[in-house]
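Multiple structures follow.
Two complexes, one shared chain (chain A), two partners (chain B, chain C).
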Partner chain A sequence: MKSWFRHPFARAMAALALVLLLGFIFNADGAFFKWGTHSDMYRAISVYGILACGMTMVIIIGGIDLGVGSILGLSAVLFSLLAIRQGWPPWMAIPATLMAGAVCGLAAGGLIARFRVQPFIATLAMMVFARGLAKWISGGQKISTVIQKANGDFMNVPVPAVFDQLGAKILHGNLAVVTVIFLISIMVCWIILTKLRWGRFMYAIGGNEEAARLSGIPVWAMKLLAYGLSGLFCAVAGICQAAQELQGDPEAGVSYELTAIAIVVIGGTSLAGGRGGIGLTLLGALTIGYLEKILSINAVGEAARLMLTGVIIVGAVLFQRMRK
Partner chain B sequence: MMQSVLSTMVKAAAVLAVAGMLQPVSAESANPAKKWTIGMSQCNLGEPWRVQMNADVKKAAEAHPELHVIFKDAQNDTLKQRAHVEEFVAANVDLIIISPKEAQPLTPPVVAAMHAGIPVIVLDRRVVGDKYTCFIGADNKKIGQAAGRWIVQKLGGKGTIVELKGLMTSTPGQDRNSGFREGIKGSDLKVIFDVDMKWLEPNARKEMESALSRFSDISLVYAHNDPGAHGAWLAAKAAGREKNILFVGIDALPQEGQAYVKQGILTASFEYPTGGREAIENGLKILNGEKIEKEIVLPSRVFTAETVDKGGEWLK
Partner chain C sequence: MPCLEANSNSIPPAAEMPLVEMSGIGKTFAGVRVLEDVRFELSPGEVHVLAGENGAGKSTLMKILCGVYPDYEGEIRLAGRPVRFKSPHDAFRHGIAVIHQEIALIPDLSVVDNIFLGREPVRRGGWLDRSGQRTKAREILDQLGLDLDERQPAGDFSVAIRQMIGIAKALTFAAEVIIMDEPTATLNGPEAERLFTLIARLKAQGRGIIYISHKMEEIYRLGDRATVLRDGRFINTARLPDLPEEEFIRWLVGRKLDQQFPPRRASPGATRLEVTGFPLPNPAGSRNNVGAGVTFRVAAGEILGFAGLQGSGNSELFHGLFGACGDEVGDSVMLDGRPFRSVSPAYSLRHGVALLTNDRKGNGLVPALSTARNITLAALKKFSPRGWLRPKSEQEAAATQRDALNIRVASLDQEVGELSGGNQQKVVLAKWLETAPKVLLLDEPTRGVDIGAKHEIYELMNRLTATGISILLITSEMPELLALADRILVMHRGRIVAEFDRTVATPEKIAHAAMGE
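Showing the complex of A and B:
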C-alpha cells in the first residue's frame, strides 16, 4: 500500500469509490448514469448531511449527540406551526426556529459541560424530551396546510412561499436548494474547524481533555459551543425537512441520529474524539447516500437492504483501515 | 424557621404533584355522574391513523353523556400496553376497548379481563383465541383488492404501476400488496417497480425519485398509505412529471388522504376505517345487555374528486 493511502481523506475516497463501483455494476438499466439520479441523491442525503455537520464537531470534541433526530422533528413542527398556522413571515419564523434548536443543543451541552453528565445520557435525555415536546406542541398530528376548524371540518390554506422556495431546485432543476444549504453548512464547519482557534480547541479537547484544560483552553465553553451548533444545524435540517414535506411531522427524524453518526464515522472521523474533519463527513455523506441510492434504483427489498447496508458499512470501514 | 416551613411545603407540593402524575387514573376518580367508565388502550399514538381512532372514539362517546372514557397510550410498547389493561382491570372499569400492538403477548391480559367479568372490544389488530367479546376491524386485503379493481377500470386495463409498499414484514403491508395483486390479475397492468417505503413520506419520495429516473413511462403510483402517495407526488412534481401520473393511496384520513384528493394531488384514496365510532356504538349495546356480533368487518369507502365532498362512495 502506498503512503498516500494512509491519509484519512484518501481512504474515505476509496470507500466512496468502492460504493460508486457498485453503482456502475448495478446501474439499473443505466439509471445510475443519469444526472437526475445523482441530483436526487444529493437532495435526499442533504438533511442527514446537515445533521452530520453538527455531529462532526460534537464527535471531534469527544462527545456524541443522540438528540439530533428529535430536535429535527421539533424544529420541523415548530417552523410549520409558526409559518403555516401563525402566519409568521420567514424572517421571523426561521430565526425563531433556529434559536429553539440552538437552545435545545445548549441545554444538552450545559448538562455535559457544567454538570458533567455523560454526553450519551444528556443527549439521550434530549432525544426523548425534544420528541415529547414536538408531539405536545403539535397535538400528535402533522402540522400541514390542512387545518381543522372548530366545527370539525377541514379547510385548506395555501402553502407559504418559503416552503416552496426551500424545497425547490435551482439551475434548471439540477440542484436542490437543500443541497446548497448542506454545502454551506459544510463550509461553515470547515471554517470553524480549520480557520478559527475554536477548531484547534475542539481537536485538543477531544484528544486529551485534561491536557486541554491545563493548557488554559475553555473546555466547558467549547463544549457548549459544539452542542449548541449541533442544535442549530438540527434546526436548519428541520426547516429543510418541513419545506420538502410541506408539513411539520412530529415523527420526522426518528433514527436519523444513527444515520448522521454513520456518515461521520464512515468518513473516518474517530468516535474517540480528537481526529477527523468535515471534509471526511462530506465524503461519508456521499458514500451513505450513494449506497442508499443504488439499493433504491435496484428496488432491493427492505430486509436485504438492511443486511447489505450493514455489510457494506463494515466493508467500507475495514477497507479504510487497511494498512501495509 | 419560616424558610424551612416554606421549603417543606414546597417539597410536599412537589411530591404531591409527582404522585399525581404517576398515579394511574382510576375509575373512582371518574365523574360520578357518568354511569359507565370505558378504558381505551391504544398501542401507539405516534401514528396519525391511531390519533384519528382515538378522536373517533372520543367524538362518538361525547354523544353519550352516560359514558366516561379513559385513554391510555402505550407508545408502541407491548409491556406498557399490557400494564395498561391490567390497570383497567384493577380499576374495575365497565368495558375495555383495546387496539393491541401485537396478538400473542396481549392475549393473557385480555383473557384476564374477561375472567374478571369485564367485556373487551378488540379493535383493528387481533388477539389469539376467542376470549374477547367482540372484534372490530377492516380487511386490508379486501381494500387492496378493491383498489386493484378500481385502478384496472381507471386505466382501462392497461398501464405501468409503481407500487410503494408499506412494509412487507408487517401484515397490513402484506395484505395491501397481495390484495392489490389479486385485484389487477387478468389485466394488462404491469407493476414495474415495487419497494418498501416503511410507511414514511420522506422514504416514499426517495424511492419514487429512483422509479422516475429508471422509467420514463409510469401510469400510476399505488402507495400503501396516503403519506406515501403524497411523497411520490412531491418527487414527480420536482421532476415536472406529476401531471402524467395518477396517484392512489390508502387510509383516507380527513386531514391527509381526503385533503390530498380535494387538492387534486391524489386521484383516489381508499378508506381504512378506524372503527372508533363502531367500538363505542357496540360498547353501548354490550353495556345495555344487548347481543352483538362477535366479528364485525368494517365497510370501506373510496374518495375521488367527484365523491370526496359527498363523504366518499361505499365499496361493494
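Showing the complex of A and C:
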C-alpha cells in the first residue's frame, strides 16, 4: 500500500468511499442521487453524531462512556418537562438541561478520576441510573403537549416555539437545524482537541497516563472535563431529540451509546486511547449514516439490515487496520 | 590483568558426569555479539552461581539453555548427550526448569491448578484427573516441606511461598536442572531462609541448581562453584570456598576505566538541595516511616551519584522527592534555602525539580505523540498562553532541543515510538530540560542506550552542571558512576550506608557497601 494509506484520515476516507460506492451501485432507481436522500440521512445521523463528539474525547483520554444514551433520554424528558409543562422560556430551559447533562457526566467522571472506578463500570452505572431518573421524573410517561387533567380529560397545550425551531430545516428545507448543531459540536471538539492545551493533555493521558501524570498534567481534572463534556453533548443531543419528536420520551436513546461508539471506532479512533480525532468521527458518522441509508432505500429488511451492519462494521475496522 | 592469569586455569573437575555442559556458546543479536565462546558446566547436587554485571550475558546464556533462543552457536550436552532445544517447552520436558524473579502464577487459581497448569493429567475422555492431581501435588509439597492447603488460591500466599509453589511446579516434571534468577530479590530475611533450606534439600536429592544473584553473602553461603561472565565473555569458573571475595569482585567489575567517559571538571557552588530525614515511600504508595529517613545535600553544579542493589531504595527516594507518590513530607526538603514540599509532579516541575525515571516506555514517553509534542509536554503551559496552543513556538523549541541534544529524527512530527532507544532517551531528557530544571533526578539515564548516545548523554550532563544544574544520578553501571559522580552515596535497605568522594571511590568499596558490609 502507498504511504498515504497509513494516515488514519485517508483510511477513514477510503471506508467512506467504499460505502458511497455501494450507494452508487445499489442506488434504488436513482434515489441515492437525490439531495433529499442525503439531507435526510444527515438529519438522521446528527443526534448520534453529537453523542459521538463527546464519546471521541472520552475514548481519546483512554475511557469509554456507556451512559450517553440514558443521559440523552434524561435530557429529553427534562427539557420537555421544563419547556412544555413548566412553560420555561428556552433561555432558561436549555441551559438547565445542559447543566443536568454535564452534572451526570461529571458524576461518572468523578467516580473514574477520583475513586479509580473503571470507566466501563462507572458509566454503566450512570447508564442505569440516568435511565431510572428519566423514568422517575417523567412518571414513566412520554412528556408531550397532550396533558391529562385531574378529571381525566386530555388537553392540548401549544408546542413551544423552540421545539419547532430546533426541529426545523433551513435553506429551503435542505438542511436540518440538528445537522447544523452536529457540525457546530464537531467544530467545538475540533478546537478543544487540536487548538487547546486541554486537547493535548487528553491525547497524552490516553497515550500513557503515568507518563502524563509525571509530566505534571492534571490527570483527574482532564478526565472530569472529558466526561463532563460528554454529558453536555448528551444534553445537546437530548434537546434535539425532544425537538424532533415533539416530546420527551423516557425510553429515548436506548442503545444509542453503541451506535456512538461504533461511529468513533469506524472513524479510526483507537479504543486503547491516545490516537484518533474528531475529523475521523465525522467521517465515521457519515459512513454509518450512509450505510443505514443505502440499506433502507434498497428496502433491505430490518433483520438483514442489522446483520449486514454488523458485518460491515467489522469489515471497515479490519480494512482500516490493514497495513502495508 | 588478573583475569587473564585466572583464565589459564582449567575448570576444576566435577566429581561425576556433569548434568549440563555448555561449550563454545555464541550468540549475535542484530549484528551485536552478545556471547562469545562461553562455557558452563553443572554437576548433580551442585549449586553453581552464574555471576556478572548487568549486560554481561547471564540471562542470554540461560535463555539459550532453557530453549528461549533456539538459534545459537556451540553445543549443549545434557548428561553427556548433545541436545538442542527448540522451545522452552522442549527444554522443560528435558528436565530444565526456570524459576523467575516474579513467579508467573495465576492468583485466582488454586495451588494445585497452578502446579499443573498447561499440562493437566487427564483421564480417558479428556476429563481432568483432579484427585490424582491433588495426591501428586500433596506429595511434592510435602517433599519441599511446604505445609499449606493446596486448594487455596495461589494469590493468598506471600511472594516467598509463591516462589516455592513455582519450584513445586518445576518438580512435578522431575526437573533435574533448576535455574533461579535472583530468587531473593523480592524476599525478606526469613523468607529467604526458607528458600535456602529448600535449596539444600534439592541439592541433597541430586538436582543441579544454577543460581543467579548479585548478593555476595548468599553467593558464598549457597554456592559450590561460580562462573563469571563479563561483556559476553567467559571470565572464569572457580570453586567458591577457594575464591577470595576480592578476586571475585575484580572478575565481576574488572574492566579498565577507559576514556569512554569525558573528563569531569566539577565546580560545585552553593547548596542547592538539602534533604533531612526524608521518609522513603514504599511501592504501595504509603510512606514507610521506619528509621530516620534519608539525609544528604547537593550543591549547585554537582553530580551526586547513588549506588545500591535492586531494592535498596534509590528509585523510591527519587520518586518520593519528585512527589510522584503524592504525600506531603513536611519540611524535610529545602530547595535553595526554601522549603520544598514533594506533593505532586506538577508542584516539583513548577519549582524546578524534574525526574527521569528508569522506565521510559512505561512512564517516560507518550509513544503515540510526535517527537515535538513529547518534548514540550511537561512545559506545555509555556507554549499555550491562556490555554491556546502555539504550534510554531513549540516546533521552534523542539528543534532547538533536537539540535542541542543531537536527536536524530526524520521529522519532529515523527511518532516518538518509532525512534531508537538512544534517541527516545534523549527526547525524554529534552522534555525535562524544557521545564528549565534546577535539580535533575536521573534514574538510569543510559539504560538501553548504545555507546555513542551514552557518550553524548555524559557530555550533556557535564554541560548542564556547568550551568549550575544539580544532578542526582542512579546508575547500575559501576564505571559510569565512578566517572560521572562527584560524590557517591551508597544505599542499602532504604538507608544511606556510605559516602565516597570521587577521588577515593573504588568499585570494590562501593560493592562492599552496597551489600551492607
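As a working rule, the second predicted complex is superposed on the first by the 324 of 324 C-alpha atoms of A that agree within 3 Å, B and C clash if a C-alpha of one lies under 4 Å from a C-alpha of the other, contacts with A are read in each partner's own complex, and residues count from 1 in each chain.
Heads up, the rule we're going with is that contacts are C-beta pairs under 8 Å (C-beta built on N, C-alpha and C of every residue); 3 or more make two chains touch, one makes a residue touch a chain.
A quick note: this is a predicted structure, and the numbers were derived from the prediction, not measured.
Overlay on chain A: chain B and chain C fit together in the combined arrangement. After overlaying the two complexes on the shared chain, residue contacts for A:44 are found with chain B alone; chain C is out of touch. By the touch criterion stated above, A:85 is placed in contact with neither chain B nor chain C. When the two complexes are overlaid on their common chain A, residue A:293 makes contact with chain B while staying clear of chain C. In the superposed model, A:204 makes contact with chain C only, not with chain B. When the two complexes are superposed, the chain touching more residues of chain A, out of chain B and chain C, is B. Taking the Cα centre of chain A as vertex, the centres of chain B and chain C in the superposed model span 120°, given to the nearest 10. When both complexes are overlaid on chain A, the residue A:29 reaches chain B alone and has no touch with chain C.
Between chain B and chain C, the minimal CA-CA distance in the chain A superposition rounds to 29 Å. No residue of chain A contacts both chain B in one complex and chain C in the other.
Within the complex formed with chain A, the residues of chain B that make contact are 45-46, 48, 51, 59, 167-169, 193-196, 198, 201-202, 205-207, 209-210, 212-214, 231, 234-235, 238-240, 254-256, 258-259, 262-263. Considering their complex, residues 28-29, 31, 34, 36-37, 40, 43-44, 135, 140-142, 144, 146, 148, 152, 154, 156, 167, 169, 173, 176, 241, 244-246, 249, 251-252, 292-293, 296-297, 299-303, 305 of chain A touch chain B. Of all residues in chain C, only 322, 324, 344-346, 348-350, 355, 357, 362-369, 373, 377-378, 380-381, 384, 387-389, 431, 435 touch chain A in the complex they form. The residues of chain A lying in touch with chain C in their complex are 194-201, 203-204, 206-208, 210-218, 274-275.
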